[in-house]
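Worksheet: one structure, shown below.
In order of appearance the chains are A, B, C, D, E and F, and numbering begins at 1 in each one.
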Amino acid sequence: MYTVCVRDHLMIAHSFRGEVFGPAQRLHGATYVVDLELRRPQLDADGLVVDIGLASTALGEILGEFNYRNLDEMDAFSGKNTTTELLARVVFDRMAQRIAAGGLGETARGLTALRVTFHESHVAWASYEGKLPTPASD
Amino acid sequence: MYTVCVRDHLMIAHSFRGEVFGPAQRLHGATYVVDLELRRPQLDADGLVVDIGLASTALGEILGEFNYRNLDEMDAFSGKNTTTELLARVVFDRMAQRIAAGGLGETARGLTALRVTFHESHVAWASYEGKLPTPASD
Amino acid sequence: MYTVCVRDHLMIAHSFRGEVFGPAQRLHGATYVVDLELRRPQLDADGLVVDIGLASTALGEILGEFNYRNLDEMDAFSGKNTTTELLARVVFDRMAQRIAAGGLGETARGLTALRVTFHESHVAWASYEGKLPTPASD
Amino acid sequence: MYTVCVRDHLMIAHSFRGEVFGPAQRLHGATYVVDLELRRPQLDADGLVVDIGLASTALGEILGEFNYRNLDEMDAFSGKNTTTELLARVVFDRMAQRIAAGGLGETARGLTALRVTFHESHVAWASYEGKLPTPASD
Amino acid sequence: MYTVCVRDHLMIAHSFRGEVFGPAQRLHGATYVVDLELRRPQLDADGLVVDIGLASTALGEILGEFNYRNLDEMDAFSGKNTTTELLARVVFDRMAQRIAAGGLGETARGLTALRVTFHESHVAWASYEGKLPTPASD
Amino acid sequence: MYTVCVRDHLMIAHSFRGEVFGPAQRLHGATYVVDLELRRPQLDADGLVVDIGLASTALGEILGEFNYRNLDEMDAFSGKNTTTELLARVVFDRMAQRIAAGGLGETARGLTALRVTFHESHVAWASYEGKLPTPASD
């Protein structure tokens, strides 16, 4: 299995609901350094897992929707705790949609799995990984 | 699959038995920077993989038993080479026991796998990963 | 010159005033991984620059005042942009006061300079460094 | 599952063919920091995944064939784009052959999988991982 | 003294002349992860060392002149060994010129020193640092 | 001012005397990742701060005297606490002697300063830096 990873980051404000979060129930924020891993069993005709330029641009656009925002005020997260693990899942889902829609190029349809990791400090990170749906053959 | 990782470290002395270890047969030591990864397929009701505070405390307590010790003198390692890979396994086993005993909270029983990584320098690390036993349903 | 460095981190929300800040004028946040460097030309009688335990505790307490806070609402920052470089300076000043007051132990009065670095992402950091006032001789 | 990882690096020149590579079609180069992960379900009699000295030496020898070279001029890569992901695969294959030939010692035949990661910058890496063939029993 | 640092990278091919370089006399290449540190004793009216957006853009443009190039073929380096330390100096000089010309904004004229670091692997880096010329008062 | 840095590591056992050390009074150990920085104001005729191969070899030899040792049993440290900061100084002094003796080559006599940093974990490091004696002119 081949993997390619690209890195970007975003900076957000948010707060959590629930006693388990302790002082993080107050409005605070985070820098997340985000790693996007893309996987497939065979390389494409150019010897690539994916066009790394398209992958980086797509990651930047997805993160850009949240960057410099207070997540507490975004409809996308209404009624949810925007934990690091949940954010990793949200980025996973949006990237999976883009790939299915051809946003990373036609050969990117050969991708079979993704992993999205959010590093929140030098001592903690969270990730979500999963398989991509198999494209229907024509 | 979701993963959350927390990091801590410990500093120990030890020696190895066996020609394969070369100069490391002498009494020496190591700093291990330790990553504990906790995995589950679904988030709990708070949107979490685990209470990260409880996980960090548990990791610190497990490492604390060995921290600032000469492992050659500890009964737990009698007759064994305390290689980096073995130490990762020992921490894995103790963390698995704590989780089964409820030490990371009730919702942590939803955890399905762990990985423990011991970084021993900027050029070498070792890890042990495995599934957690499925809790018996009531 | 000897230097010892200890690391900690904090997570805050804030916003900036001024066109130069672009989208960072919106309420957002950051994780800052903070390095505290302490310097002196000679070691103390124990062979130390400083009691690293006291230094780590002091750093944690200083950061604790701001951790999980919205800096826009804190009197300490009224009318100021809480830029990364300003925050480094604020932590520098508070640490210098603690050292002068004996909070890092008597031998810490031999410290002659500090540097405080705030890492805000994998691609940017800021620091403030300066000399400590020379203690009056008795 | 146990994993041990050793790190080395190499510095090469190369160019790519295909519009997808943009300016990287020009002759340029890269430093690759290379991680070799070796995996097995049980430790050997010494408590090891592998003799880390032999593994490091083998990795250095494999990388040495390419180090300080222009890959465009090497027969091994004739007609191929030497992408980061392809290079990871090439090192994987050569390491697998060495292990099968006993080059990492007899107990290294207990290894069941490898992963080779090429870090090409602070924001991108690629890897290839796979199982090792099961040795025929005698 | 305040410092702000921004990071970028470039990938180049080159070769060296001189026996001291050993196998690096062959055409090879490198990824350089580049840190630009900008220093001044007082913050500007916005609480900044420099407009970090302008600094990042300027660094990217300066590196862009060399990125994906064979340095052996560039007039700028004719007759010179493009060692890591020399490259750091070249970027320092070009950035100093930009600052003097107002390319990082008017308040950036308050900058008093720069440091440029080229990380060439996980085990080696080189830098050049120096003071900036004091602007003539009008 | 130009700087070149090379990295290596060592693994030792030791203990400390003095209440300030708390549990570190017990026999324990550490991995130190060691950075050697070499400085000079002008490059040599090859465009170098130093022959990086000779510098790396010299660092390895100096560290090799202590590697895989119990420092409590070495005459060199009799009656001293082998703190991280002291070890950095010891390596500094030995490297300075080697340079003065021509061990890093004749052009290395142009070096004017060194810094030696010992990273002991992901949250702590110590260093010693100083000028080198000016060689007597003949």
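In the analysis below, a contact is a pair of C-beta atoms (placed from the backbone, for glycine too) under 8 Å apart; a residue touches a chain by one contact, two chains touch by 3 or more.
Predicted model, so just to flag it, every value in this text is computed and none were measured.
Q: Steps needed, at minimum, to get from chain D to chain E via touching chains?
A: The fewest touching-chain steps linking chain D to chain E number 1.
Q: Decide which interface, A-D or B-F, involves more C-beta pairs in contact, and give its chain pair.
A: B-F
Q: So the centre of each chain is just the mean of its C-alpha atoms; given that, what is the distance between chain B and chain E in Å?
A: Going by mean C-alpha positions, chain B sits 42 Å from chain E.
Q: Can you compute the centre-to-centre distance for chain E and chain F, using the mean CA position of each chain? Integer Å is fine.
A: From the centre of chain E to the centre of chain F is 27 Å.
Q: Taking the mean of the C-alpha atoms as each chain's centre, how many Å separate chain A from chain E?
A: Each chain reduced to its C-alpha mean, chain A and chain E end up 32 Å apart.
Q: Where in chain B do residues touch two or more other chains at once?
A: Counting only residues that touch two or more other chains, chain B contributes 7, 122-123.
Q: Inside the complex, what are the residues of chain C that reach chain E?
A: Contact set of chain C toward chain E: 16, 18, 20-22, 80-86, 88-89, 122-130.
Q: So in the complex, the part of chain E that touches chain C is made up of which residues?
A: 1-8, 43, 46-49, 51-53
Q: Under the definition above, what is the set of chain C residues touching chain A in their complex?
A: For chain C paired with chain A, touching residues are 7, 9, 11-14, 23-24, 26-33, 67-70, 120-123.
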